[in-house]
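Note that the chains take the letters A, B and C in the order they are written out, and that residue 1 is the start of every chain.
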Amino acid sequence: MYKNLMRKMLWACLTLFCATLILFVLIRLAPGDPIRLLLGPPADVAMIDTEAYDRKVNELRAHHGLDQPIVVQYVSWMKRLLQFELGASIHTGRDVGAEMMDRLPVTMLLSIAALALQIVLGLFFGTVSALRAGKVQDQAIRLACVTIASTPSFALGLVLLSFFAVTLGAYEISSDAGITRLWLPAATLGLMGAPPFIRIIRANLLSELGRTYVLSALSRGLDRKRVVRHALRNALLPLITLVALSLTMLVSGAVVIESIFSWPGIGKYALDSILLKDYPVIQGYALVMISVAILIHLLVDVVYAIMDPRIGRNREADLHEYA
Amino acid sequence: MSTLNAKRPVGLAVGVVILGFLAIAILGASWLSPYDPLKQQVSERLQKPSVEHPLGTDRFGRDVLSRTLHGGKNTLLASISALGAALAIGLVIGLVAGMYHGSILDTLLMRLIDVLLAFPFMVLAMILAALFGTSLLHLLIAVVSVWWVSFARLTRSVVLHAKSEVSFAAARVLGASNGTIICRELLPKAISPVLIMATFELGSLILSIAALSFLGLGAQPPSPEWGSMLSDGRDHFMQAPHILLGPALFIVLTVLAFNLIGEGLRDKLDPYEKSEL
Amino acid sequence: MPRQASGAMLQLEDLHVDYSQNGTVVPVLNHLSFELGKGEIVSLLGESGSGKSTIARALTGLLPPSANVGSGSMTIGSEPPVDLSGKRVPWRRIRGRQVAMLFQDAQQALNPVVKIKDHFKESLLYHRLASPNEVLDASARLLAALNFSNPLDVLERYPFQLSGGMCQRICLALALCLKPAVLVADEPTSALDTVSQKEVLDLIASKQRELGLTVLLITHDIAVANAISDRVIVLNEGVIEEEGDARRVLSKPIAAYTRQLLAARAQLSAPTRDREPSREDEPLLHIIGLEKTFSRKKRVLQAVDLTLHRQEIIGILGQSGCGKSTLAKCIAGLELPSGGRILFRGRDIGRLRGRSRREVCQRIQLVFQDARASLNPGRTALQLVQEPLRYMNIADKKERENLSAFYLNEVGIVGDLQKRRPPQLSTGQCQRIAIARALVLQPEVVICDEAVSALDMSVQAQILALLQRLHRQHGFAVVMISHDIRVLRSFCHHIAIMKEGSFCEIVRAHDLPEQSRQAYTHLLLKCAGDMEVGL
């Protein structure tokens, strides 16, 4: 099994490598001089003297080796990345890496809180829906799911924000990352992301309940609750993929909610930087997000290998086959 | 004792009806909308919904309802074409990868998918917006680049399952070439799950495009497009929520219609039987 | 548990069950009544569609929601009668302790992610049959009593690591540890090979004697019913045709239906094989040292040698997992051999790919076990038989249709039937279409991979007769693969017995069992023979 893990880690590194290559290519393809992009327009850099500006540009160009062939550029770029040198923000001058590290945990906190809520809602309503399949509770839950899944997150977010903050005054509007302010954005994200969980748990549980081992356990006189627990445990295994997908979407897509609730996470930071054209920050953001996504997928592979005895023993299962 | 076994596709019917209404409203926007979507009447700006302006007016005095109806065409056309492209690419790649499973081609394609999965959609859209400027076209490019992956994976897993079935072995033994097998055996099997997924993905796509436009990264004003209207409406949300909620309501209805249709189709093709506990 | 004075352990009265399918109501069991005496083994004999599985499910309350119990009363021992059509049937008390059940697919009947020892632990603790520290010993003892030589090792395993026969014995142990009054076994051996079948049936019989169990054995196989039953009940489409002492019913049946069943079986066993063709010098198909290993060390075929001459019929006998299907696939080109050669008329075809392989397809054809699965449900019989002609671009449209109609007539699908689609046809008819489709290319070798195993007994005999007639008329060689010696003995010239990936011997069919020198062959024949004593 350990050989398997080593292989997966190697593949993850290779994927990371390819992804950064694509990023590099995209950056190079962007219209405009990359140095001016990195430096910012003259006005922002407070250099009215265009000659001095041009000198600075040439200096940076040589420094970044942009007069070198493209492959050399890529290699030196990679070298800097591997040393975690992500450059400095044009806007604040601070090291991009440090800015990311300040904000990433904030987004992770929100994402994990939302994910927890999604899992809880999924387990509860998915199970109820499966056990009462075809009956009123099931129809109601499915209707609710479909409606929530059709609502844009920002609409729900704005409505909830205006209701709790303005109408009720129960929610504070500020830029704090405090626990007291976590509940509303987490609840919004959690609610929005619950329908896929509910749907999949319902479907998997229904499928398991029709399997022979369930009938066999019942025929041995075991009680219903116990048998449903067994079926549920087996139904949950394919859920791990959904958890990974959802977590990735939460971390990368929290932009909207962070923006509405002024939650100082990495998404809001990236959005502001785009509008400010702060390119080093955007590049750093892309790299961090890519790494997080790859890491999450790797963890999923590992968890599957541990949890399903059928995979651990001489049988290979790909993440793709559970999709 | 036996409950709902006669399948009554209520959801499916409702979805189709809603979609029908929306289609009429949007396609007939030019005739149905009471005002010119681009006409500005500053004297009437930021009016709440009333009899003359059922969805109110925006900050330039433009009628929100008219703009929403006209905007629908742009948004939906863009979404459907982007999704169509993603579906076609994903289907072809999934068929090829599945058919030649175990070969270098399959491995390469799967690794490519792994690399693309590392770019969450939002992140890619934001990068493209940052590097190449904000526009609907760039958004759609981001969409097609990332969205084909789910279709490819679904198609591939359907193909892998079909390959283990007897009908596949029978076709091979009877002398069918690889191309014939892909077209006659595998493609028909893959089409229905992929189309069902497409209806859900379309809804999801419209929501994502709306979200990105809301953030200011999508289509830009003044063209009436649901996304750009959301972006406009965001600034005035507290005083005039109707500017944003008007298009938002239409978005909800559209996505709801597609989701209901998708669920209805899936119910028809995938019923579950369970025993009494 | 106190036994009833009259000696009946289970009394079933007026059981009526129907299913609702797409709005229509389909009756499955028609006001059925029967009795099981204490300590009896009663076989419920019926073909597919007779309703036998529904009875098993009704007795344990495990019917699907689409089933509706119109009426029915069940009395077990001296307990008060239970109304099966009512809403509040006390299943918790009945299941396990009074009525236990064995399922057809034993591996599926065990939780795939739970170890065997935990299966026992749960049952024993729940029913308070052992204290937590006694559980392991108790489980080991139960397994040892069921012929497991290494119980502690088995307890540590997961179901997917054990064979079908072992899983069924484990299910039997799990059912018996609750000491039920009645054991309902729903086709417990259909999914097993001959040797395991005999083992499981013998165990059921010996446990029954030991514990004084009452057993209801549900099966479609007359040999299984014959092997261990005291009484036989014959079921046909929800109605009891005949019941009585096993010996009597199976040798001197009264009801027409029973006679029909036995006749079909007899037809199967009667030697009708043709004279052996004179062997030419050059064999049609010559397999030398064939090997096939699947990824990571799973060696399925090793050192396989076989020769097939023109117009010869060879049978390959083997139990599930011995590699016979893989051999068929290698010959037909569906799998690539890892070693050795397959020579067709002297030409090595084992490793051909693409166009050249497809040309060989015209010469070697394959008929599958699951007829329905091999036919596309959306196409008519005529279209299906034309498929290979279209794939290989042979003949034009008109000729293809004519050829298709001709071969369909040959297999007995005539007139209107030719325009029907598989869902509108019976399994037997589907298999006929599959055979016609295989023959339309006029192959020289036809491989039948368990082609009749999934069919009802009467249909099996018909299809074998059909194959025989076609063989005589068209002169192709046949490789017949089966796990059932009866099918092969009457049909083939030679029989090759396969064990663990290679042939342990090849004998002439009419010389069996005298000329056989292998212990394994003797074992197979003995098991099959034992089950048929008296028939």
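Criterion: a residue touches a chain if its C-beta (ideal position, glycine included) is under 8 Å from a C-beta of that chain, and two chains touch if they have at least 3 such contacts.
This structure is a prediction, so every number in the text was calculated from the model and none was measured.
Higher C-beta contact count, A-B or A-C?
A-B
So which chain is the furthest away from chain B, centre to centre on CA atoms?
When every chain centre is compared against chain B, the largest gap points to C.
With chain centres taken as the means of their Cα atoms, state the distance from chain B to chain C in Å.
Centre-to-centre distance between chain B and chain C: 48 Å.
Centre to centre, by mean C-alpha position, how many angstrom separate chain A and chain B?
Roughly 21 Å separates the two chain centres.
Compute the distance, rounded to whole Å, between the mean C-alpha positions of chain A and chain C.
Taking the average C-alpha coordinate of chain A and of chain C, the gap between them is 50 Å.
Quick check on chain B: which residues sit in contact with 2+ other chains?
3, 273-275, in rising order.
Indicate the residues of chain A shared as contacts by at least two other chains.
215, 218, in rising order.
Two-or-more-chain contact residues of chain C, please, as numbers and ranges.
62
Quick one: in the complex, what on chain A touches chain B?
Against chain B, chain A makes touches at 11, 14-16, 18-19, 22-23, 26-27, 29-31, 131, 133-135, 142, 146-147, 149-155, 158, 162, 166, 203, 206-207, 209-210, 214-215, 218, 224, 227-228, 248-249, 251-253, 255-256, 259, 267, 270-271, 273-275, 277, 279, 282, 285-286, 289-290, 293-294, 297, 318, 320-321, 323.
Can you check the complex and tell me which residues of chain B touch chain C?
Against chain C, the touching part of chain B is residues 1-3, 5-6, 165-167, 169-177, 180, 185, 273-276.
If you look only at chain A, which of its residues touch chain C in the complex?
Touching chain C: residues 211-213, 215-223, 226, 230, 233-234, 237, 308-310, 313-314 of chain A.
For chain C, which residues are in contact with chain B within the complex?
Touch list, chain C to chain B: 20-23, 61-69, 87, 329, 332-334, 355, 358, 361-362, 365-366, 368-370, 373-376, 387-388, 391-392, 434, 437, 441.
Okay, in this complex, where on chain C does chain A touch?
60, 62, 92, 95-97, 99-101, 103, 105, 108-114, 122-123, 126-127, 158, 160-161, 171, 174-175, 178, 296
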